[in-house]
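For reference, the structure discussed in these notes is given below.
Think of it as A, B, C, D, E, F, G and H in the order they're written, each chain with its own count starting at 1.
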Amino acid sequence: MNEETIRLLLQKIKQQDLSIEEGVERLKILPFEDLGFAKVDYHRNLRQGFAEVIYCAGKTAEQVVAIAEKLSAQGGGNILATRATPEVYAAVLERIPDAEYHSLARTIMIRRGKQEKIGNILVLSAGTSDLPVAEEAAITAEMMGNHVERVYDTGVAGIHRLLSQTEKLRYARVIIVVAGMEGALASVVGGLVDRPVIAVPTSVGYGASFGGLAALLAMLNSCASGVSVVNIDNGFGAGYQASLINHLGEN
Amino acid sequence: MNEETIRLLLQKIKQQDLSIEEGVERLKILPFEDLGFAKVDYHRNLRQGFAEVIYCAGKTAEQVVAIAEKLSAQGGGNILATRATPEVYAAVLERIPDAEYHSLARTIMIRRGKQEKIGNILVLSAGTSDLPVAEEAAITAEMMGNHVERVYDTGVAGIHRLLSQTEKLRYARVIIVVAGMEGALASVVGGLVDRPVIAVPTSVGYGASFGGLAALLAMLNSCASGVSVVNIDNGFGAGYQASLINHLGEN
Amino acid sequence: MNEETIRLLLQKIKQQDLSIEEGVERLKILPFEDLGFAKVDYHRNLRQGFAEVIYCAGKTAEQVVAIAEKLSAQGGGNILATRATPEVYAAVLERIPDAEYHSLARTIMIRRGKQEKIGNILVLSAGTSDLPVAEEAAITAEMMGNHVERVYDTGVAGIHRLLSQTEKLRYARVIIVVAGMEGALASVVGGLVDRPVIAVPTSVGYGASFGGLAALLAMLNSCASGVSVVNIDNGFGAGYQASLINHLGEN
Amino acid sequence: MNEETIRLLLQKIKQQDLSIEEGVERLKILPFEDLGFAKVDYHRNLRQGFAEVIYCAGKTAEQVVAIAEKLSAQGGGNILATRATPEVYAAVLERIPDAEYHSLARTIMIRRGKQEKIGNILVLSAGTSDLPVAEEAAITAEMMGNHVERVYDTGVAGIHRLLSQTEKLRYARVIIVVAGMEGALASVVGGLVDRPVIAVPTSVGYGASFGGLAALLAMLNSCASGVSVVNIDNGFGAGYQASLINHLGEN
Amino acid sequence: MNEETIRLLLQKIKQQDLSIEEGVERLKILPFEDLGFAKVDYHRNLRQGFAEVIYCAGKTAEQVVAIAEKLSAQGGGNILATRATPEVYAAVLERIPDAEYHSLARTIMIRRGKQEKIGNILVLSAGTSDLPVAEEAAITAEMMGNHVERVYDTGVAGIHRLLSQTEKLRYARVIIVVAGMEGALASVVGGLVDRPVIAVPTSVGYGASFGGLAALLAMLNSCASGVSVVNIDNGFGAGYQASLINHLGEN
Amino acid sequence: MNEETIRLLLQKIKQQDLSIEEGVERLKILPFEDLGFAKVDYHRNLRQGFAEVIYCAGKTAEQVVAIAEKLSAQGGGNILATRATPEVYAAVLERIPDAEYHSLARTIMIRRGKQEKIGNILVLSAGTSDLPVAEEAAITAEMMGNHVERVYDTGVAGIHRLLSQTEKLRYARVIIVVAGMEGALASVVGGLVDRPVIAVPTSVGYGASFGGLAALLAMLNSCASGVSVVNIDNGFGAGYQASLINHLGEN
Amino acid sequence: MNEETIRLLLQKIKQQDLSIEEGVERLKILPFEDLGFAKVDYHRNLRQGFAEVIYCAGKTAEQVVAIAEKLSAQGGGNILATRATPEVYAAVLERIPDAEYHSLARTIMIRRGKQEKIGNILVLSAGTSDLPVAEEAAITAEMMGNHVERVYDTGVAGIHRLLSQTEKLRYARVIIVVAGMEGALASVVGGLVDRPVIAVPTSVGYGASFGGLAALLAMLNSCASGVSVVNIDNGFGAGYQASLINHLGEN
Amino acid sequence: MNEETIRLLLQKIKQQDLSIEEGVERLKILPFEDLGFAKVDYHRNLRQGFAEVIYCAGKTAEQVVAIAEKLSAQGGGNILATRATPEVYAAVLERIPDAEYHSLARTIMIRRGKQEKIGNILVLSAGTSDLPVAEEAAITAEMMGNHVERVYDTGVAGIHRLLSQTEKLRYARVIIVVAGMEGALASVVGGLVDRPVIAVPTSVGYGASFGGLAALLAMLNSCASGVSVVNIDNGFGAGYQASLINHLGEN
C-alpha cells in the first residue's frame, strides 16, 4: 500500500497536480512510515509458513483475544501465543475454536494452512524442571516450519544419557540446549558437534543459582566454540533464532 | 586411524587370534579414545577450508610456535591464532615465514591451500573502539571460508548511518553485531532483518558499563527476536558461530 | 512567619528590651528554622499551577486522605497522588468528590483552579508493558502545567514506528523515554534530537533484566549525548524533572 | 544537498525522463541516506555557538589530530576534545597553534568565532578529588555557549559550606552536582532548589564505593524530586545535557 | 555453678580423693563449659536494667511463649521480643498479661522492676516508611535503660527540618540515623555533630534501591567521620549498639 | 546387559554373520550407551545400604509417587525424597504405608533392609532457623549408612556453646557446618579440628545477607584450611558428600 | 569571628544605623555562613587533644604540605595525615621537621602540646596482612587522645589465640576488629564482650573475597549484637568513631 | 608443656602451697592458653608426614625466611610455602639450600624425613591456563603425604579426553577438579564417580567470567551430588581438604 502512496505522488508530479517543492516536502516525512512495512511485507508475504507471535505477559485476556482474532482474520500463517495462562487460553478458545493449548509450555497454537516443515532442530534439556522452557522453544520452532526432535533429561551428571543420543546430535542442523543450575550441558554439547548451539539458561535451581545467573554466566563462558546464548528462560527466543538459522539453507 | 584399531580387533576375533571375552574387555575401554577423533575427522576431513584455531592467551610464545608448526606440518587448512601479541607473532614468523598478522585484531593468520568462500556474513560495529573485537570476528569468519562484509561505526546515536546500509543488511545471511556501551545496536539490527544476529558485547565504555556488563545485559534482553549473544569481547566466538550457521546451507 | 520572628527580635534590640548578647545567642539557633520555609513559600506561593504531590506507597488510606484534605483545604494548585491503589482512591473519593483516578498509572488527580499549560513534553514508551510508568510520567507533567504528547509502543525492534514520529520529536522541548528490557530506545531518541532526554528504565522484562537493571545500565551508558536517567519505574521523577526543564523558558 | 537529489528526481519524473516505477524504486532506498544529514544540518547550521566534540579515549593522537583539523577547516563553532592526554594535546598543538589544554579536566579547547553565552549553569562538586569530572562538565558547558558558575568542595559533611551558597543556587537555571563516595550532595541540592539537577557520580572513593556504584545508586534513589543522573565520571554528558536544557529558553 | 565444679575438683585433689593425673584430664575438658556462663553472669547479674531479647523471626508462637515465660520466671530485667507478629503477641499475652505490643515496630515489651534510664539517645528517621525500623531501634534502647528522643521525617530533601532540630542534635550522646532510599541523612548528621552516629539503612525504596543496598553503600561511604553502619532494617542492632555506647559513661 | 550386546556382535563377527566393516560401524555408535549403566550398576549393586534419592522440587505428587513405587519395587536400599511437601508425603503414604516424614527437613524416608551404619558424621548448626537445612543433611547421611551426631544452636556469638562440644568434635570423622547470617561457624570449627569440614550456607538472615550470599562468601573465604562449601541451603549435598568421605575408610 | 558579625549588626540596629527591614534581609542570608564555624569552634576550641586530619589520597604533596603548615601554624592539637605516601611524607618533613611517619599505616603524625589520653581502646586484627588497616585505626585513636591496646594475629581459625586475651577484652571500653577474608572475628568478639565493637572489613583475600565484600557482608550480618561496621579498609573511620565513643564518658 | 602447668598447679593445691580459691582463679584464665596448643600437638606430634604451611602473599621475603628457618630448625615434617615469588624463593634458598621451587605453582618445598605416602588423589584440570592452580593443589597434597595423579587438559568441550581416563577416575579416592571459564568439568566428573570431588574454580577466562565468578557459581550449582567447592584459585585449600579426606581411612 505504501508503494502505492509514492506512486500516486509521483503521478501527481508527472501530471503537474503537485509542485516539485511540495513533493520534496512530503517525501521528507514519508519514508519513515515506509520503512517498517517494507520489512513486514517482506517476511510476512514472501515467506510461507511463518508464524505470527503474541507475547501474552502483561496483556489482558481481552487484548490477546483481540490480536489473535485480527491475525486469524488476515488469513495468514500460524499464530503462536507465548506465556499464556489457562485463563487467556479459555478466552481465546471461545472465539477461535481450533486454538490449542500446551499447558507446560504455556503456549496457544492456532494452526493455519499447509505448512511445509524443514528439518532438523534438536531441543536438548538437562532436567525435568527445564521442560517448560524447552517446550516453548520446541513449539516455537515447530510453529515456524521446522521439524523438531526433543531429547529431554540429559544432564551432564549422567553424561551417558547424552552420549547415547549421538545419532540425533549428528542429524540435527541446529541444537537448542536448555539447562538451569550450572548450565554445563551447553559446553558438552558444543564440544560434540559442529553445528550452531543456541543455549537457554533457565531459572531452575536455588541458592547461588541466583535466578538463572549461574547458568547464564556458565553458558557465556563456554569453552566450546559455536555456542551463543539467549536470555534466561527465553525458550521462544531460542526457537525463533534456531528457525531463522535452519531456514537459511532454503534461500 | 582409530577405526583401523577396531577393524584390526575385529579381524583378530574373526581369525580367532583373540577370544570374545578379551575383545569385550578391550572394547569397554577403547571407545572413549575413539570418541573425540571421530569428531575431529568428521569436520577436518570432510569439510574443506575449515581453520585450526590456537587461543594464545595464557600460552608462551614457544607453545604457540610448537602448536602452529605441528598444525602447519599436517598440511591441512588455514591456521588462525587469536589474542596473539606482536611478540608471539615474531616468534611464529621465524618458523613460518608466510604467517600474517593483524595487529588491531591481534590475530595471526596462516593461509593454506585454495579455500572456497561462501557468503555472506556482515560484521557491524558500533564505535571505533569496538574495532579490535569486530576484526577478530571478521577474520575468524574469513579464515573459516566465509565472505565477510564489514560495516563499522554505525552506533545507534546516528541511526541514519545504519539505515543507509539497508542493502548490505538485506544481502547478509548472518549478521554479527559488535557493540560496547549500551549495546543497543543489536536490538535495532535484530528489528530490521529476518536473519540470525550474533551479538558481541564489548568491554568498551567506562563507569557503569562495568567492563561490558551493561552491553551484555542489554543484548540478552533484546526486544528483537533472532538475537543470541556470546561472551564479552568474544569476537572469535561470534565469527565461529556465524561460520557454522553460514555453512548450514551447503549440506 | 519566620521573618516576623527575626523582625520582632530586632525590634526588641532596637527598643533595648533585649541585650545584644542575648540576641546573638538566639540568632545562632534560629536560622535553621528559617531555611526550609523560605523554599516552601518560594515555590508554592510564587508559582501558579504547581502541583502538590503525595507519594502513597507505604501510607495508609487514612493518611493519604488526611494529607489530601489538608492540601485541598489550602486552596492551592493541583494535587497529585502517585502509587495509589483503588482502595486509597475510594477513600479519597468519599471526602473529595471531584478526585479522579487513572488506574493504569495508579494516580489520583485533584484539579484546582485554572492552570495555564505550556508545551511541549513528549513521552515515548517502548512497549505496552511500559505504559503504567509512561502514564505516571505524563500525568505528572500535565498536573504540573505542561502540554504532554504521548507516543507509545515505539520499541527499537520496529525502528520505523519511531521514525514515523519525526514531527513530534521535532516539536518537543523535552522528551521522556520509558523503556524496559534493553532500554535501547533512549539512545536512539537521543541520537535523533537536540533536546534533553529523560530516560526512565522500567522493571519490564524477565531473566537477565534483573528487575530493570539491564535497562538502567544501558541508559546510563547511552552513546548518545543529552540523556540523563532516573530510577527504575520512576515515572513521577521523570515527569517532575521534565516539567522543571520545560518551565525554564518562562523565567 | 539531499533535498536536491529528491528535487532532481522529481524533475525527471515531471519531464518524463524517469518512469514512475523507477522513481518508486529509487525512493524506497533513498530516504535512509537522508535522515541523518537532516539532523546534522539542523543543529550545526541553525544554531550558532554549538561545539563539535571529539571523544579521545580509544583514539590515537593521529586520529584526533585528523578529526580536529577537519573540523577546524570547516570554519564552524568551537571544538572540544575530551579525555585527551597531554600527548594528544601536544600532537594537536603542532597543527592547531591556538588549541588550549586543561590538564585537570583532560580537555582540549579550540575556540572559534564569537559565541554568545547565556546563563546560568552552576557546577557543584563535593570534594577535591571530584574536580576533574566537575571541570569536564564546566568546560563542556562553556564551550557550548553557557555561563558557568563553579562552587567546589561543598560536601554534605560540611553542610554549611553548601548553605552559604544560597544566592548562587538561587540564580542558577540548571545545576550540575558532581560527587563520589556516598553522592548525598545531589539529594540535598535537589531539596533546596526548584531547578533541574543533573547528578554525576564519580569513581572517587574506596572499598564499598565499588568504583562509583555507591554514588550512582544513591543519586538514582534520591528522595529529592528533580534529579536525574548520568554515567559515573561522565562530566561531559552532564555539561552537554545542562547546555541543552539551558538553551531551551531561547527557542 | 561452674566455679563450684572447679572448687570441688580442687578439694578432691587436696583431700587426695583424686589423683593429679585424673585432675589434669578433667580440667582439659572442663574449661570450655565455663567460658560462656562467665559472660552471661557478668552482664546479667552485675548490670541492672539490662533486657533479655527474643528474636521471633523463624520461631513459632509456642517457642516464643516458652522462652518468654522462662525469662519472666527468672525475675530479671525487661524482656524484649523483636519481629513479633500480632499472632505471636496474642499467644504471649495469654500467658503474660502485662506484655505490651508496638504494632509498627513489631516488638513485644515485658517491663520488669524499676529501671533507671540514662540519656540521651536520639533516633532520627528520614521518611514515614522508615518508622518501623526507627521504632524498633528506639524501643530497644528504651528497654535497655536509655532515654530516647525521636525525631522523624527529617529527610535531606528538606534539610531545614533537620537543621531546626539543632538543640536535640546537640544534647544527644549517641545518634541513630534510620534512612532508606539514598541514605544521605547519615552523612549530613555525621557532619553536624561530634557524637557517634549509628546508621541503619532500610529497605524502603524501589527500583535501584535493590532492597536497601543503595542506602547501605551510601552509609558505608559516608564522607563524614564518626558514622558506622548496621545491617539493612536492623533497628534492634542499632538500638543495642547505641545502648552499649551510652552506658560507657557509667562504668 | 550391554556387555552382552558387544559379546553377541563379536560372536557374529567370529561366525562371519557380520562383516568387519558393519561391525566397525555399529561399534562407533554403541559405546555411548554403555557408559552410564556401568556406573549405575557399579554403585547400586556392589555397595549395600546406598540410598536412592528423589529431588521433589518441581515434580508433581504423581511423579514422585511413581518414582518411589518403582524404586521400592526394585527391592534395593533406602529411598530418600528431599524437598517434599506434606501433600507429596500424603500421596506417597497412600501407596507406601511405611514411608516416614520429617516435616522440618521436608524429607520422606522409606527404609529398606538392614543397613550397617558407620560413624561418625557430626552436624553442627548455628541457629534455630538453620535446623531445616541441618536436618536435611543429617537425614541424608543417616539414610546413606552413617552414624550422625547432631549439635545445634552453637553460633559463634556464644563461642562457649561450641567449645563445650570438644569431645564430639574430636570423635567426628567428617563435620557438616550449617550456618546462615555471617557463616562464621565454619571457620571457627575448621580451626579446631583436623577433619574435613563441609560448610552449608543457609538463606537465614535479612538485609545484606542477600539470600545467603553473605554466608556463602564467608565460607568460601574461610581462613581455616580444610573447609569446602556446597550451595546455599543444600543440606542434601552436604550429607551426600560427607557420606562419600566417611565411607572412604571402608574400601 | 562570625558571632562578631551578628553582634555588630545588632549594635547597628540598636544604634539605628540600620533599619529593621535591612537587618532582616541580611540575617536571612547570614546564618548559612555561621553554621559550620559553630561546629568547628565547638570541637576545636572546647576539647583539648582533638586532632586535625588530612586525607592525602588524591591530593598532591604540595597540597598536603600547605594544609599541614597552615594547621601547624594555628597552634592547635595534633595533626594526622592518612593514606600518605613516603613522597608526601618527605615533602612534609622538609617543612615540619618533627613530623613522624608510620610506613605500614601510611600515616604522618605531627604531635603538638600535652595531650591527656584516656583509655581504653583495643584494636584486634585477624591476620598479618590486616596490619596496615589496624595500625591506621590505632594511630588515629592515639592521635585523638586515647590509650590504645593492640592485639594482632588473632584470626578465628586459631580461636585460642583470641581467647587467651580475655583480660584485654575485659578491660577495653571500645573494641575495633580488623579482619579480611571471611571477617568472622567481629562476630566472635561481639559474642565475648558487652562493649561496642567497631568492625573494619579489609580487602585482604583473593577470589571470592571480591575486594573485601565477603568480609563486609559477614560483619553486617553478624549474629552478635553490638557490632557496627565501617567501610572496607577504613581504619581511620574506625579509630575516629572509637575515639568519639571512648570520650563520651568524659562529658 | 601446658599440661605440665596444670599438673604443677594441682600439686601445689595438694601440697597446700596454693589455696583452693587461688587455684580456681588461675584455672578460670588458664584454659584459653591451653586450647590451641592441644590442637597443634595433636596433629603435629601424633601424625607423621604432616606439612607445615607458609602462605607468602602479603609477607616480606624476610618474614618468610624467618618462619621457614624456625620451622626447619624444629626438625618436624615437610614445609610448604605457597604463593611464593621467585624473589622469596631466592631468599629462602640462601638459608635453606635444599629448598625446591615450582615456578608454575609458585610453591617452595622443603622436604624433611621419610614420609609415607598413601593414595590416591587425582587432580584434573580443564585447560592449560588452569595449571598453576592445579599444580598448587597437587603439590600441597604430595607434601602432606598423598600419592597424586595428574590429568590435565580435559575440558568438557573435548569430553572424550576425560572419558579416556576412566581407569584413573576409578582408582582415585578423592578427586580435585580445577577449572575456569564455565567450570563444567566438576559436574561431569561428579556424575562419573562415587568419590568426593573438591572443585576449584579458577580466575581463568575473560569478560563475563568476572574473575572466576562464573566457574564458582557453576560449581556451587552442580547438578551432580558429591561436589563441594573451595575459593577461586585456592589450589592449596583443595589439596589440603583432599589430604584430610584421604587420610581418614588410616585412623
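Everything below uses one rule, namely that a residue touches a chain if its C-beta (ideal position, glycine included) is under 8 Å from a C-beta of that chain, and two chains touch if they have at least 3 such contacts.
The chain lineup, named per UniProt: A, B, C, D, E, F, G, H = 1-(5-phosphoribosyl)-5-amino-4-imidazole-carboxylate carboxylase.
What you are looking at is a predicted structure, and each value in this text was computed from that prediction instead of being measured.
The chains that touch both subunit A and subunit E are C, D, F, H. With chains reduced to the mean position of their C-alpha atoms, the one farthest from subunit C is H. Rotation angle, subunit C onto subunit E, C-alpha superposition: 90 degrees, expressed as a multiple of 5. When you average the Cα atoms of each chain and compare centres, the chain farthest from subunit E turns out to be B. Set side by side, the interfaces F-H and A-C show unequal numbers of C-beta pairs in contact, with more at F-H. Centroids of subunit B and subunit D (each the mean of its C-alpha atoms) stand 39 Å apart.
Chain centres here are Cα averages; for subunit E and subunit G they lie 25 Å apart. For this pair, subunit A with subunit H, the centres built from the Cα atoms lie 50 Å apart.
Those residues of subunit B in touch with two or more other chains are numbered 32, 34-35, 39, 127, 158-159, 163, 192, 207-209, 213, 216, 220-222, 225, 231-232.
Contact between chains, using the touch rule, shows up for A-B, A-C, A-D, A-F, A-H, B-C, B-D, B-F, B-H, C-D, C-E, C-G, D-E, D-G, E-F, E-G, E-H, F-G, F-H, G-H. Against subunit F, the residues of subunit E that register as touching in their complex are 29, 31-37, 39, 57-59, 63, 201, 203, 211-213, 216, 231-234.
Residues of subunit F touching subunit G in their complex: 126-127, 155-159, 163, 181-184, 186-188, 190-192, 205, 207-210, 213-215, 217-225. Of all residues in subunit H, those touching subunit F in their complex are 35, 39, 42-43, 47, 53, 163, 173-174, 192, 194-196, 198, 216, 220-222, 225-232, 236-238, 240-241, 244-246, 248-249, 251. Against subunit G, in their complex, subunit D makes its touches with residues 127-129, 158-161, 163-167, 204, 206-209.
Subunit B contributes residues 3, 6-7, 10-11, 13-14, 16, 20-21, 23-24, 27-28, 30-32, 34-35, 38 to its touches with subunit F in the complex.
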